[in-house]
Amino acid sequence: MSAAPLLEIDGLVVKYGQAIALDGVSLSLEAGERVALIGPNGAGKTSLLNGVCGLVKPAAGRVLLDGRDLTGRAPGEIVRAGLTQVPEGRQVFPTLPVEANLLLGAYGREFRHELVSATLRYIGRRGEIAVRLERVYSLMPKLRELRERPAGRTSGGEQQMVAIGRALMAEPRLLAIDELSLGLAPLVVQDLSEFLVGLNEEEGVALLLVEQNAVLALELCARAYVLEAGRLVLAGPSDELERNETVRSAYLGGGLEVADAEPGTQAGPSS
Amino acid sequence: MNLSRSRTLRLAGTLAAGSFAIWLSYQLSPGDRSLYTLMGLYAIVAIGLSLLIGFAGQISLGQGAFYALGAYTAGILTVGLDPDDRLVSEAGIDPALAVVAAPILTGLVAAVIGVPLLRLRGHYLAFATLALHLILLAAIFAQSGFTGGQDPGLAVIEPLEIFGLQITGVTGGTARHTAIVWGLVLVTLLVALNLVGSRAGRALQAIATSERTAAAAGINVSAYKLRLFVLSAGLAGLAGALYAFMLQFLSPDAFGVFLSIQFVVMVAVGGLGSVYGAVVGAVAITWLEHELRELGARPSLLGFDLPDQAPQVFSVGVFAVILIVVILFFPRGLLPALGDGIRRLRPVRHEN
Amino acid sequence: MKEFLQLVVVGVSTGSAYALVGIGMVLIFRTTGIVNFAQGSFAVLGGLFMVALVDDIHGLVAGLAAVLVVAFIGSLVGFVAVGFRHRTTPLASLIITLGIALLITSLNLLAFGDRPHTYPTIFDRAWDIGGVLVQPQYVLVAGVTLLAALLLTLGLQRTIAGQALVACADSRRAAELVGIDVRAVAVVAFAVSAGLSALGWVLLTPVDPVNYDSDVRIAINGFAAAAFGGLASIRLAYVGGLVLGVAQQLVVGYADKIPGLGQQARQYELAAALVIMLVLIGWRARNEVHE
């Protein structure tokens, strides 16, 4: 095993035209770790994920997975390297059945520039993929019940499960989850959180939780980074951050930010 | 202060270039002058289309139709509406009035088809305007009693006169006609630049950047798009009307579908949304088209015998390749790309 | 009544061919956001290749070859039209497909000349169904078209590659994030659409001769069919094609009875398409505003 961390981001800059969304952010994450990235709306959290996952080309900086430089590579390559993103707002394929949504997670991993060979590789691995699908169904039995239903006709929590299941089909070593709690009822969020912690501890899948809901993120993760206006302002163990005055007043104190963004999802203040 | 100075400079440059263009009208031989007039007419159409494509993000493939509509409106009004009365020379209206009426009518037609189409995403306008072009051509052929059809065509007997000055009536048009056309190019350019810089221009910029954001900011997106569409159609109608008096003869052959596509090529090559680019594109493409046709009309080229269709194949095919290459590699057009290149070469200056 | 039915039969058949063109447009628009102007050129290429091949080889082989070759050309067109990542916008792609349509038109003019082309139908006489004379070729066009549309729908629902196309149509961003290369999918969408368009005119050419510049008319009609379902639904594009075909035949068939139009009735076929499209779009626009 190499000593390199699983994910290493070094001085990443993301621009949209002239506007700088992310201004030189560096962070790292070890295999099997749970790390949170918190910050207010518009801090650049999603830009960071887009830059890492290949949706936008970073203007500067590097993204390394297992020490391999994957900066600006196509999303498919990032997925194959072991990092899959669960996008904000879930973004399932609404007209396709739940099972097709899951299988496409495995299919996407086979893409290298064109469709025919990807399909052939997928068919060649059909056995392994069926086993993988069974594994996902046993982790989330609810999905097995819903397998025939179009994903757009399931509840918000179920869609989040579909999105996570779809990501898991790509056999990731790191799951980056953008706004897990957005628009979901507190009980559903709690279930999903427990599931993710179990997934991390039992399967060893590392988690990068990108959240506006700082309370939830700090509770779930041992370590966290705080992003503001495109820059990292704080980093450290979650319990330290929870005691930090700035974090307390901005994200935890009155819970103003959190409560504004997500009424109802706030667990009680930790004090 | 810097900004206003650069604006003044730009205005001065535009006026100087415009004066030069008008001066040139009097220097050219009658043979070159007709091509030069055509460049000016097409520049007027291209400026309008450039605004539409650049700011509304919509393509019109009917600018040729509006151009034809302007030409036939002016022509028919001048010779008289009723074919049986046309032999009596007083049947028609004053040519100068006809030139004013043409853009108004084309603008109205554009408004009628634009209202339902411009509310929707998905380039409905491109296909509808193209269909409009084909229908107009069919109507010109079908209503030959009214339009003269292809044979004998429509002879616009009355020459254009403004305040007693004869503008057209000589083969290839007079230098005065050419000068008026280029004068109008200058006016159109100034109006377009003024529009871009005005409050409406800022709304248009917002629409071009993000329709959704613009709509959220309370900008009536479809109303602005409709106005742009009507403006661009009106400009095409005006150019068409001036064209009618250039040869004093109209035939549907001059207004094929290719013309509409050519206007899009001019704008795309010059730069989407760049009004200067539209003028440059119009001049360059008109010249190129002319040269390619001449080349294709030769009996042989590089030792190969050329077939009868060569002029058409040359101009259309070469155009197509230019269009594809420019859009792929310089999606903002050649002129803006050139500007970017120069800016990159120049050392960075302090900007306050 | 007989005359009416006769017109309906012809309308359903030509409408089916328009429907295939429209379905191709929907497929490309949904998966890539591009409105493909070259869709009419694919149809013309299909018809012209068929005419060129049918003298030398068996009709079935010739038809299959024509469709496959055009599908291949379509994939190349798709590759160019999609352009570069992060750089080529859907508007730019539309202009590129316009350029490609022009290029194909001029090459067709060079290769096939400027006269209409056709080939003889394999059926030697018309069927008499209750007094209505029906050309078997029309039935063939309608039948094969329906079959192709059904196969396409099935393929999109049941195969993983088809589902990948639907996934791109549903959410391009999510499709990219699972690793699907949306550009690769676009190339396939173009190939399939090109093949479908070609198929329509491979079959229709015996009863509707094709010219090097028929592409504009076909593209507009195909777009009108697609517009019936707001460029979003394959089923509605199919229905739209049929409605359009029948409406046009009725206009052509009955227009010469209107004094003043006379012999020029055929010229108004396209006008009928435009008016139908405008009315439908206007109606849709109103619905969208009220939603």
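A few notes on this one:
In this document, chain identifiers A, B and C correspond to the written order of the chains, with residue numbering beginning at 1 in each.
The definition used in the following text is that contacts are C-beta pairs under 8 Å (C-beta built on N, C-alpha and C of every residue); 3 or more make two chains touch, one makes a residue touch a chain.
Just so it is clear, the model here is predicted, and its values are computed rather than measured.
Note on connectivity: the fewest steps through touching chains from chain B to chain C is 1. Averaging Cα coordinates per chain and for the whole protein, the chain whose average falls nearest the overall one is C. Averaging C-alpha coordinates per chain places the centre of chain B 31 Å away from that of chain C.
Taking each chain's centre as the average of its CA atoms, chain A and chain C sit 42 Å apart.
The geometric centre of chain A is 51 Å away from that of chain B, both derived from CA atoms.
In chain B, no residue touches at least two other chains.
The touching residues of chain B, counted against chain C in their complex, run 53, 57, 59, 61, 113, 115-117, 119-120, 122-124, 126-128, 130-132, 134-135, 138-139, 141-142, 257, 261, 264, 268, 272, 307, 309, 312-313, 316-317, 319-321, 323-324, 327-328, 331. Residues 53-57, 74-76, 78-80, 84-85, 87, 91-96, 100, 103-105, 107-115, 118-119, 122, 166-167, 170 of chain A are the ones that touch chain C when the two sit in their complex. Within the complex formed with chain B, the chain C residues making contact are 29, 35, 37, 80, 83-84, 87-89, 91-92, 94-96, 98-103, 105-107, 109-110, 113-114, 216-217, 219-220, 223-224, 227, 230-231, 261, 264, 267-268, 270-271, 273-274, 277-278, 281-282, 284-285, 288-289.
In the complex of the two chains, the chain C residues touching chain A come out as 85-86, 160-161, 163-164, 166-167, 169-171, 173-181, 184-185, 187-188.
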